[in-house]
Amino acid sequence: MRVPALIALVMAASASCGWAAEAPNRSLLAPEALPRLPQRLVELGLEALKAPDWLVAIGSFAAAAGTVVAVFLTAFALLSLIERKTLARIQNRIGPNRAGPFGLLQPVADGIKMLTKEDIVPTKSEWFLHLLAPVMIVIPSILALGVIPYGREWVPVDLPLGLLFFFAAGTMTELAVFIAGWASGSKFPMLGAMRAISQMVSYELPLIISATSVVMLSGTLSLSGIVEAQAGFHLGFIPAWYILTPWGFVAGVIFLIAGNAESNRCPFDLPEGESEIVAGHMTEYSGFKYALFFMGEYLGLFAISGLGITLFLGGWQPPLPGLGFVPSWIWFFGKLAAVIFFFLWVRGTFPRVRIDQLMRFAWLCLIPVSLLTLPVAAIWQYSGKGALGWLLCSAILLVPFIILTVRFNRRMATNNRRYTFAE
Amino acid sequence: MAEALSPHLPCLLWLVPLLPLLAGGITAFMPDRMGRQASWLALGALFVSCGIALAALACMLVPVHEPVSHAVFTPITWFSFGDVALKVGLVLDPLSAAMGAMVSFVAFWIFLYSTGYMKSEARFGRFFCFLSLFSGAMLLVVYSNSLLLLFMAWELVGLASYLLIGFYFEKPSAAAAAQKAFITTRVGDMAFFLGMIWLYGQTHTLLFFNDGKGLLETGALGSLAGVTTVGGLTVSAAAALLLLVGAMGKSGQVPLHTWLPDAMEGPTPVSALIHAATMVAAGVFLVARTHPIFMNSGATGLPLTATAWIGGITALYAACVALGQNDIKRILAYSTVSQLGFMMVALGTGGVAAAMFHLIAHAFFKALLFLSAGSVIHGCHDEQDIRRMGGLAKAMPKTFITYAVGMMALAGFPFVFSGFWSKEAVLHSAETWPGGHGPFLLAATAALLTAFYMTRQALLVFFGKPRSPGVSHPHESPPVILVPLFVLAAGAVLLALIGTPMWPWFEEWLKGETAVFDGSALTHPEALKLIGLSLVLVTAGVTASWLVYRHPSGDSRAPDPLEGKLGGAWKFLGDGMRFDATYEKFIIAPLAVLAGVVDGIERQLFVPLMALAEGLIKMIGRWTGTTDEKGLNDGFNHMCSSLQGGAESASASQSGRPQAYLRAIGLGASVLLILYFWLIA
Amino acid sequence: MIPLLILSPLILLAALGAVWKARPVHAALLLALTLALVAVFYLTVGAEFVGLVQFMVYVGGVAILIVFALLITRPGDEAAEVARRPRSLALGLSCVAPVLGLLLYAFSKGLPVDVAGETNPPLPVKAVGMELFGNAVPAVLAVAVLLTAVLIGAALFARDPGKKPEPPIG
Amino acid sequence: MTPLPLLLTLSALLFTLGLFAVLTRRNAILILVGIELMLNAANINFIAFWRYGPPDVDLTGPLSVVFSIAIAAAEAAVGLAIILMVFRHTRSTDLNRLDSLHG
């Protein structure tokens, strides 16, 4: 029981740090502002109680945080089920369908299982750090989620430095992974942690660099500003999303790959590669802490895909001109589902990548290309975003792509292994 | 021939002594197996020097220009240091000419004799080397013009006698005798040396004749007589006495005579040549040569009286001892001592000519007696004890004849033999000596005893029956031994002619005048008295001896008839009046004690002293060592190590640890800043 | 003012821990905490951009780097560290005290007198951006060159030449 | 009463702590920790003076802090690389043992 209380406390502390947050007060029940409903209710309640306004501010923040947590916890539960279902379908099997109709209650079953499992703490480990690690994994994801604009009306916390905040929070996960690995005392978690950290550090670079190209063009670090920059339509029906620009497409793809690696998923899920290092830095955890790790991972996934959507898929912008009536957050969560499905799809199909190929892919392929997108974006900006821009940018981007892919195909091919049977 | 030689005489005269010396040197390097060649070389060398000597004698006899007392050859500077130059040279005057001729003539015949006598000797060559060395040295003594050269030759002669006496060095008695001879003569030589130095100190010259500046010339003599030294003696008297002691040592006068009888250990020719004819005469020659120094203090001065008395005592003593001797050669030895006593008496009483005539005559007949004794010993297979001999006359007639001539000359048989006249001259000079009749009486009794013991010897050796098997069938000696005997016998007889009062040629010649024949000399009353006395003495001696030894007992071990009469005295005489024993007791024993004392002092005093010194040195050594070790080395090391320590502590600050450096910088900076704020702000 | 009063002791405590903790990894983690707290300080003071940059660079980068280095070199001699405590404390204080005194003295004298309250408005990111790429462009370029050089240099340094490392000294 | 003196004392203390760490820690990496502390102390001063000091228009405070952070990161990277290399060579990061330059 201690863990959820801790989460709430940390949320309150961050809120109470007095970040400037204007709470626009519009009609409560407008569909657009649905997600803001609880926050508004709390504000009204406190004002009714004539609490001092700092108390009011704190209350509203708490409500906002609460809604975000609630929404994404349920999403987490659903996602664990959906993921297993999709993987099963990909592998031509059904997936969990025993617990509840179509296996809907499977997450509940998992949750109960996690809760009832005994919480083992290894003697050689540092108990406090061992406890702190899962918490530190979950917190950045939640912080990140708090910054992403879900709808025109609703951005839990709208920071002028939203993107910077997101990445700052993102870096904490590496420290958390280290602590998890180191604190559990034994060698496997340590090795797993070191591998995870080196992977995350390597893939953070392309992530940030591809994001900077977006920042360069949209001229602002605040995420809502970026979404507004993607409003409008080219040629009447093509939404002005960055993904649909040559550099944007490349940056977007790199962002998604890096995001995938950042959250240690599928092709890059080396850290907890079951076959080699048992569960990587999570081997010594059991029970609810182990669940927290999973929660952290999935929330991280949500955060990364959310950011990807806001940066490249135009956030809550409707894909077509005529759809203004639909509440903006519906578009956001639709895109979110699509991206999540993409990740699940990737997980189901791609083989695991070896650590040196992974590192070499990051440093020799992603980073150079992402660095290239910056000048290309500049060119796009000043070439009038028209056909000329397309032509130039695509030309510039295709050359390294071809070179790299040709070389990589040769280089990446797994050299034939010589199996020596034990005499 | 004489005139032809006279101009070359100076260098020829040098040859006389040098040739035998050279021969001696060469034979010394010849290996023993070349003995024969060595003897021929020696004989040849002596023959030549004898020829030159005779020629020189001839020159002196027939004066070419005005009669010159002596021919002095320019002296050679032998040795010069600073402004002092020692000169040596030769002189030819009647004295040296006569002696030189006699010595070389006798030596030549003895050499010939010894080639036969020593034939069986293994070290033949070595013997002849010593002999020629001796004869060369003797000739040098005779012809020397410088007292220094004479002294050096004198020493060489002493050495030669030592070598020859000790020729059979494997016999301990021979070695001891040689050593005894050498040491006793050395005592005499020491006195001689002191005298020489004193003379030199006074006159600054050692040359006898140096055209006026010589030692024996008036200038030097005057200066010598003028100075009186210790005991009121004038320098010349004292020097003369020292020279007399030197002569006594060499000529075997009483206190220093003990070595002569023992010298018989040498081979017989040696005894003949050295201990009869020549070397022993050297002492007499010395006194004769330096007679002017003796005369310097008057006829009855201390040196001359001393000489006369010592001569008389020696003559009587030797004659008595000769009575008790049983060894054929020892009898002759003591007779030589007594005859030398006669010569000393003659010298002491002023009769230099008489002494020289007696010396030359004695040389001939004593050499003759010794050689015949040698022939007898040779014949009797080295038997020397007369008690075991007897009846050799029949077996060795030639030897008996020559021995008889010699015996009669020595005993002084009247008129025919030189011995009679020379002894008569001696007695004459003794009798006319103003200093008293003591020496005359001593000489007369000695003459009597001489006749006695010579007859004893003749009777015991040649008459009666042989008393031991070895002597039973003696064989006659070969001619090479007999010829020299006959020559010497002739000499002993012919010499009488030049010494008789009727024609005292020799005496006058010595003085530088020419003798004139005076038949009436015999008739002088004084001369008749003396001749009568001599006759009486000789006949008395012979008849007494004949009576005693007429019937020698057949047994060699029987006591001597005289022994029966004299009893203990006979034994006493036999031991040479136990001079040796007394010397042993009174001189050698105290010396030994003295040596012991000195040795004791050495051991007790010096050894500890040395130990003390050694300890001192060791201590000093140790002390310096330690100071060096402790003081210098350790000090230096300490200094080095402290330096190193200092360096190490200094280098410790450079520890290479960055934090240390940082701290230092921090402190420094803060101090500076404090200063800054304190001073400025 | 109040958040500062709360925050500075926390920072000091964390820093003290980072400096004094015997176990190296704990020290490194406490360093990360101090850096995070300093970032929070920047945020509270109003310089959000600097705070977030600090957070990203230090907590995300340097702290991880330090911890990584600690993992590789695995220093284990806590006991020696503890044993050395008294001596190092004395030594350290003796050097540090004067510096501290000096700094405080300097600050006490150097304070600007007429400072009212919060004079400068909170940091507008755009102003920083304009300023950064306006007046300070040479500085930015220099830092850029420096960072690339460091990137390449560090990679070269840390590259394992493939040969076995030599035995330890001493 | 501006919080400036408080901030200055904070930075002074933080600086001394950093210096203390540098002077006493034997482990090279922990010295880097000390250095980071000292740098942050300086940055705190910058921001403190920027915030509560005299008005400054062209944002020198925050700018220099940004630069200092960048350079500090570079420095840390190079420092650690060097330390790793030394470690690989000598298997030890104990400063007192790495004294091969000592006199």
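In order of appearance the chains are A, B, C and D, and numbering begins at 1 in each one.
One rule holds in what follows: a residue touches a chain if its C-beta (ideal position, glycine included) is under 8 Å from a C-beta of that chain, and two chains touch if they have at least 3 such contacts.
Small disclaimer: the values here were computed from a predicted structure and weren't measured.
Compared on C-beta pairs in contact, B-D and C-D come out with C-D as the pair having more. In this view the innermost chain, defined by its CA centroid being closest to the centroid of all protein CA atoms, is D. One simple way to say how far apart two chains are is to compare their mean CA positions; for chain B and chain D this gives 124 Å. Separating the centre of chain C from that of chain D, both taken as means of CA atoms, is a distance of 5 Å.
For this pair, chain B with chain C, the centres built from the Cα atoms lie 128 Å apart.
Distance between chain centres (mean CA atoms), chain A to chain D: 33 Å. Those residues of chain A in touch with two or more other chains do not exist in this structure. Contact of a single residue of chain D with at least two other chains is seen at positions 19, 23-26, 98, 100. Counting partners per residue, chain C has 49, 53, 61, 68, 91, 95-96, 99 as the residues that reach two or more other chains. Pairwise chain contacts present here: A-C, B-C, B-D, C-D [touch as defined].
Interface residues of chain C, counted against chain A in their complex, comprise 3, 25-26, 29, 32, 39-40, 43-44, 48-49, 52-53, 55-56, 59-61, 63-64, 67-68, 71, 125. Partner chain C is touched in their complex by these residues of chain B: 662-663, 666-667, 669-671, 673-674, 677, 681. Chain contact summary for the complex, chain D toward chain B: residues 19, 22-26, 31, 95-96, 98-103. The part of chain D that touches chain C in the complex is made up of residues 1-10, 12-21, 23-27, 29-30, 32-34, 36-37, 40, 43-44, 47-48, 50-56, 58-59, 62-63, 65-67, 69-74, 76-78, 80-85, 87-94, 97-98, 100.
Residues 91, 95-96, 98-99, 101-102, 105-106, 109 of chain C touch chain B in their complex.
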